[in-house]
């Protein structure tokens, strides 16, 4: 009796294993006709449709990997454990990678769509971290600002200072990120968000500690759902998220604060030891096409630097949205993050730990 | 004579595969952590990474983590013991079913379950909707240490229940009956007979809850609002964000002290290794 | 009265354990992408799930890795238990101590240390490295489940088999193995469970293009969990629950149920 049962268990276990292994082998599709390209991008930062379209048009297989933060991306690329072709780091991370010789120069001749479709002002802005526009092609950009629920506040929120107002205690959401949190404090103090001056840093740290009892939570992504759900009155949010949240909850308003804020750009870069450089160039060129850029914009809702794509946007509201496409000349004190160097990073991290541990 | 120990004296070769595996996959990686922990960026020997635990931020993180883990373990224990006793008294036929009922939640992704707790606990969350419907006061524990404890208890409760259940169900009812026959009341029987016999299960349960709770990091950011810095958060940040593996390894070595303590405790209280999960 | 109190207590704990899963199931029918509001009932995410190749592949990877790693870990672990049974006391405690290390070490430390190992050995990251890592942290659970059974083995039955002329191997499989089976099965189950939900160790030891469900969900955290994941979780839950109920309803003979009080007593000889 028992023998039969064990026998069947063993047989079915073996069969299941074989079946699954076969299924998996069958599933892993063969390499594209024209080779492959290995891309390392933020999570949920591309319309999967575009990848399929690229594969079909060019016959190049896309191996796509995702990361959550610049800081977790960097060591993986540096270690060379995986030889990526393309990555999509943020501004300051790009300057770090340039400094450490990890990127290869872009041959704009092979990527004609870049200069054609992407606005010149974005290349201009990129000079902050890529001085001669040699390494990075902008993919998404945006601002960091305040999102507030107009039914839950007494007056319109227009500056960072109001996030220290006691009447909003337990109703404030801050970003759980060392640079984004310090940026707010430093702007409020009128300092540069890239400062390494010990006195200015200490002042920023103290400001953050002062604010801590009023903060409901330090969040990264959850700011979106929490604001939509009316959990908090005020939150610090990326512009790309703001459009989405407003759609879900029309009571939400996004503003760029008076004291100034961070303008960021995420760009495509080709890595130095990319095994499939030609395919990488074709990939980036494809992503710069106006219809593809439009698809990505509509999927991720983060602002696109692709002006040709912007022309194709049908909804007037979005096309001229102050949030998605703000006229940056109206605002003062806008800065882009700069790589602070190892020592600078260390300093910031230690101070942030003090804030969190307080 | 020879045959009597036949089962015991299998070839030395039998132990070779596992010894080899553990040497390569457990000892060597451990050695690498020790190496990183005891060196700095330039490769020279230093104790800085270990003494870093004494720095204000780290020490506080460790204290907070210890406190939260202890409380969570205690809560788990207090909830699980009565439960295990009740279940142990249930029909033996349902033994498998009971075990699977407690294992099943662990098959759902941990991140998703913790996110679901946000939906339950928030100011405008499900629980508060129900409470306001019943005209009861609102629950305000999200983004507080209490929520972190709740999250830890939630995640680790099965790890406490199962060993306790296993230990308690192994207790021979005849022994209990004999005690009652000899005049012992319920309390006495519990304290002198049931509790001591369940000690291997208790040790196992405490180990499986306390140590993971000590090093957890996702729960504090999702349910605690990121306002409390736990030692798990610090280590995770050193490894993933600041890429200071030396510091991360050094701090991890401190935590390994607890592993040693556990091994010692197990050696004392659970010599025969009877405290198993299932 | 006491019985009702007991029942209520058990019910409350079960409610506590399954409430979040209930939320996930409700969210899987939510038309709105955000978990913060209810946008109406829809089956859209279930449909989308089956068209989403990435998620399905991640699911397959997860199941495959869990199954294979648990199987291999069970074999290695069981053999290790038998071997340890015959070792001297000191050697045995040392080995048991080493066994506990992956279980007790912080996941992140295990993950990073294994990653360092693979890099230094020059092993290419991919399914293979994930598998190796999972086997490594699964083995302790198997050993911990099987070891207690080893002590309760009735050696005389084994010897009787040998006396009656069977070869040691045959005697092992016919006599010893069935007694160990409950421990082996529970070890396998624990290993499978731990492997299914592991995230950190997989995160550090996976290669490009290979994702398990856990790592996939983690990358989605920043931009918002795809509701297809809620749908998937609900489906998995319902499937396993159904299996559970079916298995439980089928008649089981007393001999084969795990850890019955009687059989335990039978092998305890004072």
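Letters A, B and C mark the chains in the order given here, with residues in each chain numbered from 1 onward.
In this text, a contact is a pair of C-beta atoms (placed from the backbone, for glycine too) under 8 Å apart; a residue touches a chain by one contact, two chains touch by 3 or more.
All values derive from a computational prediction rather than experimental measurement.
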Chain adjacency by touch: line, ring, star, complete or other shape?
-> complete
More contacts between chains, A-C or A-B | A-C
Per the C-alpha means, the centres of subunit B and subunit C lie apart by a whole-Å value of 16
Whole-Å separation of chain centres (CA-atom averages), subunit A against subunit C = 35
The positions of subunit B in contact with two or more other chains are 118, 124
Numbers and ranges of subunit A residues touching at least 2 other chains | 69, 225-226, 229-231
Within subunit C, the set of residues that touch 2 or more other chains is 35-36, 218, 221
In their complex, what parts of subunit A are in touch with subunit B?
-> 69, 71-72, 74-75, 176, 178, 212, 215-219, 222, 225-226, 229-231, 345-346, 349-350, 353-354, 356-357
For subunit C, which residues are in contact with subunit B within the complex?
-> 6, 9-10, 13-14, 16-21, 23-24, 27, 35-36, 76-77, 79-80, 82-87, 93, 95-110, 112-114, 116-117, 120, 132, 135-136, 139, 141, 144-145, 147-148, 151, 153, 155, 158-159, 162-163, 168, 176, 183, 186-187, 189-190, 193, 196-197, 199, 213-214, 217-218, 221, 225, 229-230, 233, 236-237, 240-241, 244, 247-248, 252, 254, 257-261, 264-265
Contact footprint of subunit A on subunit B as seen in their complex | 56-58, 60-61, 118, 122-124, 143, 221-222, 225-229, 233-234, 237, 240-244
Within their complex, subunit B touches subunit C through residues 3-10, 14-15, 17-19, 21-22, 24-30, 32-33, 36, 79, 82-83, 86-87, 92-97, 99-120, 124, 126, 154, 157-158, 166, 169-170, 172-173, 207-208, 211-212, 214-215, 217, 232, 235-236, 239, 245, 248-249, 252, 255-256, 258-259, 262-263, 266-267, 272-274, 276-278
What residues on subunit A touch subunit C, complex-wise?
-> 1-2, 5-6, 13, 16-17, 20-21, 23-24, 27, 38, 40, 42-45, 48, 63-69, 79, 81-82, 84, 220-221, 224-226, 228-231, 248-249, 300
